[in-house]
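Next, two complexes with chain A in common: one pairs it with chain B, the other with chain C.
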Partner chain A sequence: MARYDYVEKAVKVSRREFLGVLGVGAAVLWTGAYVATDLVQDRTKYIKLRAKALYLDDGKAKVRQSHNNAAVADVYKNFAEKPLSPLAEDLFHTRYVDRSKLGGLS
Partner chain B sequence: MHSTGEGPRVLKHPLTSRLFHWGLIAGFLPAAVTGFVLWLKPGNEELVNLAMRIHIVGAAILTVSAVLYAVFCLDRIISFIRRIFTWDDRDVGWMLVGGGYPQKMFLGKKIIVPPMGKMNSGQKMFGICLLFGGLVLMVTGWVLYAFIPVTPKAFVYWSDQTHLILGVFLGLFMFVHIFLGIYNWGEFKAMFGDGTQPLEEAEDHNPVWVAKEIEPVKQSGAGTQVSV
Partner chain C sequence: MKGFQQQELTSIIQIDRSSCKGCDSCKAFCPTSAITGKYGAVHSVDSEKCISCGQCLVNCPFGAPKDMVDPVDKVITKLKDGRVTVVATTAPAVRVAIGEAFGMEPGTLATEKLYGALKQAGFKLLDTNFAADQCIMEEGSELIAKIRHYVLGEAAQHHLGALPQFTSCCPAWVRYAELNYPQILDNLSSAKSPMMMAGALAKTYGAAKVWPTSPENMYVVGIMPCTAKKFEASRPEFASAATYWRKQGQAGNYPDVDTVLTTRDLARLLKKMNIDLAAVPEFTDQDNPLARYSGAGTIFGNTGGVMEAALRTAYFVITGQELAVLEFAPVRGLSGFKAASVTMKDAKTGKEVTLNVAVVHGIKENLTPVIDQVVAGKSPYQFIEVMNCPGGCVNGGGQPINPMGTSWLDKYKAMLPWS
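Showing the complex of A and B:
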């Protein structure tokens, strides 16, 4: 229990002020939401265009599977012996790191 | 000027404002300190990792406190906004003499400063920075924490830069605020105590507020027991 003899007068908010604050708040939120959705829509549009272009490229490509890629086959033939060879394992394969915890520390 | 504690008292900080201030202490203070750790990365990775976890928890407490205060104490926020944007010739005069603080701290003499309301000009500047800076810090922080996968890279980049610059600025401001808060011991006791201050002390620090913005408690005379 606090003892006091004076208190601040109540804050009076006129209808005009209330509507003004409400209007500004709504405008800020609306603009923010519009910009955010616009940015995401743009991003989605570019992803779709890119995917469409990749499918078009694939459709036109003579070689459509990585194991049929002449360059890859050449690497194995002249350098890494065969897929999953010790040298290929060493050079091309990565190792699992548990990053489920923040900062990669377990 | 410090009172003996006798005589009439005025409620300066109601319970809701003091609770919000505790929310800032529990949220903004750890978030600001760990923010500097995340920026400068002293020590090993484990320390930075721990700092990030504290930063996130502090940010969540800060956001919840701000939202609750906005919902349940809108009148206090409107009053705060009115105060920080009300400037006149007295503020110019106050700024020109630095509120009399340099003279008091370095020369040990008290000079006459223009009378202030509940907030002095320095507090108003801090208030404006905190209102806009705090809002932007919270929004950019949440973008960086939760919305990176769905947010364009450029927006994330600028959110990160803005978060850093505002964080450093407001973080340093916070240390000044803590120093001045403790320096004005009567104000410290009011904020961390029951929210009240001796009237004569308030008249000394906030003469315009006392003259225009307070009124006697309605129920009875002096010494009213009120639950706050």
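Showing the complex of A and C:
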């Protein structure tokens, strides 16, 4: 009399389930990668276009150095005297606060 | 809430609970790890850590982070009030992005259109680029004084901060340093940012000589590519015009910059007032001295721009000659960390001076190694430019989001796996 032992299948995933899980996993990875690269690509594209336009503005300017801006020189001549003058220190310079020491605000 | 002074705006960036999908994209862009919430759960912003740069806002795929400060209606009221002189100060990066909100191609330089639209809305103009030129004069003179003292050994005229000198134009970076690296605050240039200089200048020089009016009746509006500028304008120490006039015997309490509109806010304001930027007549504002700016002032909006502008002037002041080639390639471009050195012959003493400079943009990825050197006292640089946003202000948190679906077909084509 032949003896038949019932052996529980070692892998408890059917072929159908296996393919399903694989498919869903691939889709998740694909979408994630697409969204990530798409975001970064788009971002640098806009950065580059805008940056280029600013360099264009610089390139076509007649005066290209701050010290040659006559209107700025006028402000010093007629008003603020010279850079780092007492009035310039009052109006155009500031101080900073150590925020790690600032307590609670209500 | 900790870490704020009285009257400062505390919660500029907040996440809308109903739009947040918990995808964690914002966390990848937040320079201060201020965003909390598990993957899949609704996120929120810890305002004590937040430097209000708005990078989460411009990079969220669902538009969940919001700019909570909306001054559009208030500015319109001021514009319609005949007694008030409303002065706009427009940042460099606004002119290359505002067009996107009105159907123009990305990367369109729209200075004259912007001037035209602002004029039609009733603004007077003090271009922030003008103030940027002035910022170079102040910040550059400060740097040169430090170099003359620390490197060339000349006696100091008055108190000088430490070297290396950091730029201080970026309000997000300033708050970041104040929160996390208080030991380097003496290295920050004491020069105000161009917007704050513009405010102080408008309410003193502007009110006295350009648009004669009482400074109290002047309303200065910063038009910025930046959400952190809203925070900066609210800092209580920025009331130097009022202090100036009090010394002259005119009482009054008012801030230097009354309010800030982002590029997006300005687009909404113009649309509310039925002004189409793409259609307005161009305007150059030639007779206004405060709308004249140099090429150095306009590149402030790019990473490396402040450095390049400062070098052009520093080179002239030290050597007595203009640079032969103004385009300074090593500080241009999008690489995360840029460094360069320039050797100059001091016209006064005949000694050679080598200026080592570094440029950092994107605090999240690129700042730590540079600042660790400074904290350890081993930094090889004399001047370091820091901008919080990757690419500089052109990519600021106040710029138009997802601009221009130029072609919906291209957009869907791009989703195909083989493209």
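The criterion applied here is as follows: the second predicted complex is superposed on the first by the 81 of 106 C-alpha atoms of A that agree within 3 Å, B and C clash if a C-alpha of one lies under 4 Å from a C-alpha of the other, contacts with A are read in each partner's own complex, and residues count from 1 in each chain.
Methods note: a contact is a pair of C-beta atoms (placed from the backbone, for glycine too) under 8 Å apart; a residue touches a chain by one contact, two chains touch by 3 or more.
Fair warning: this is a prediction, and the values are worked out from it, not measured in the lab.
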item: Of chain C and chain B, partner touching more chain A residues; value: C
item: First, second, both or neither for A:K52, with chain B first and chain C second; value: second
item: First (chain B), second (chain C), both or neither touched by A:L29; value: neither
item: Partner chain in contact with A:N69 - chain B first, chain C second, else both or neither; value: second
item: Touching partner for A:L19 - first (chain B), second (chain C), both, neither; value: neither
item: Partner chain in contact with A:D90 - chain B first, chain C second, else both or neither; value: second
item: Chain A residues contacted in one complex by chain B, in the other by chain C; value: 39, 43, 102-103, 105
item: Residue ranges of chain A touching chain C (in the complex, touch as defined); value: 30, 34-35, 38-39, 43-59, 61, 63-72, 74-76, 78-80, 83-84, 88, 90-105
item: For the chain A and chain B complex, residues of the former touching the latter; value: 1-11, 13, 17, 21, 39-40, 42-43, 102-103, 105
item: Residue ranges of chain C touching chain A (in the complex, touch as defined); value: 1-6, 10, 25, 59, 61, 92-93, 95-97, 106-109, 111, 130, 132-138, 140-142, 145, 158, 168, 174-175, 177-180, 182, 185, 188, 190-192, 196-197, 200-201, 204-205, 209, 237-238, 240-241, 243-244, 289-290, 292-299, 301-303, 305, 309, 312-313, 316-317, 322, 326, 332, 334, 390-392, 394-395, 399, 403, 414-415, 417
item: Chain B to chain A touching residues, read off their complex; value: 8-12, 45-46, 48-49, 52-53, 75-76, 78-79, 118, 150-152, 155, 194-196, 199, 210, 213-217, 221-228
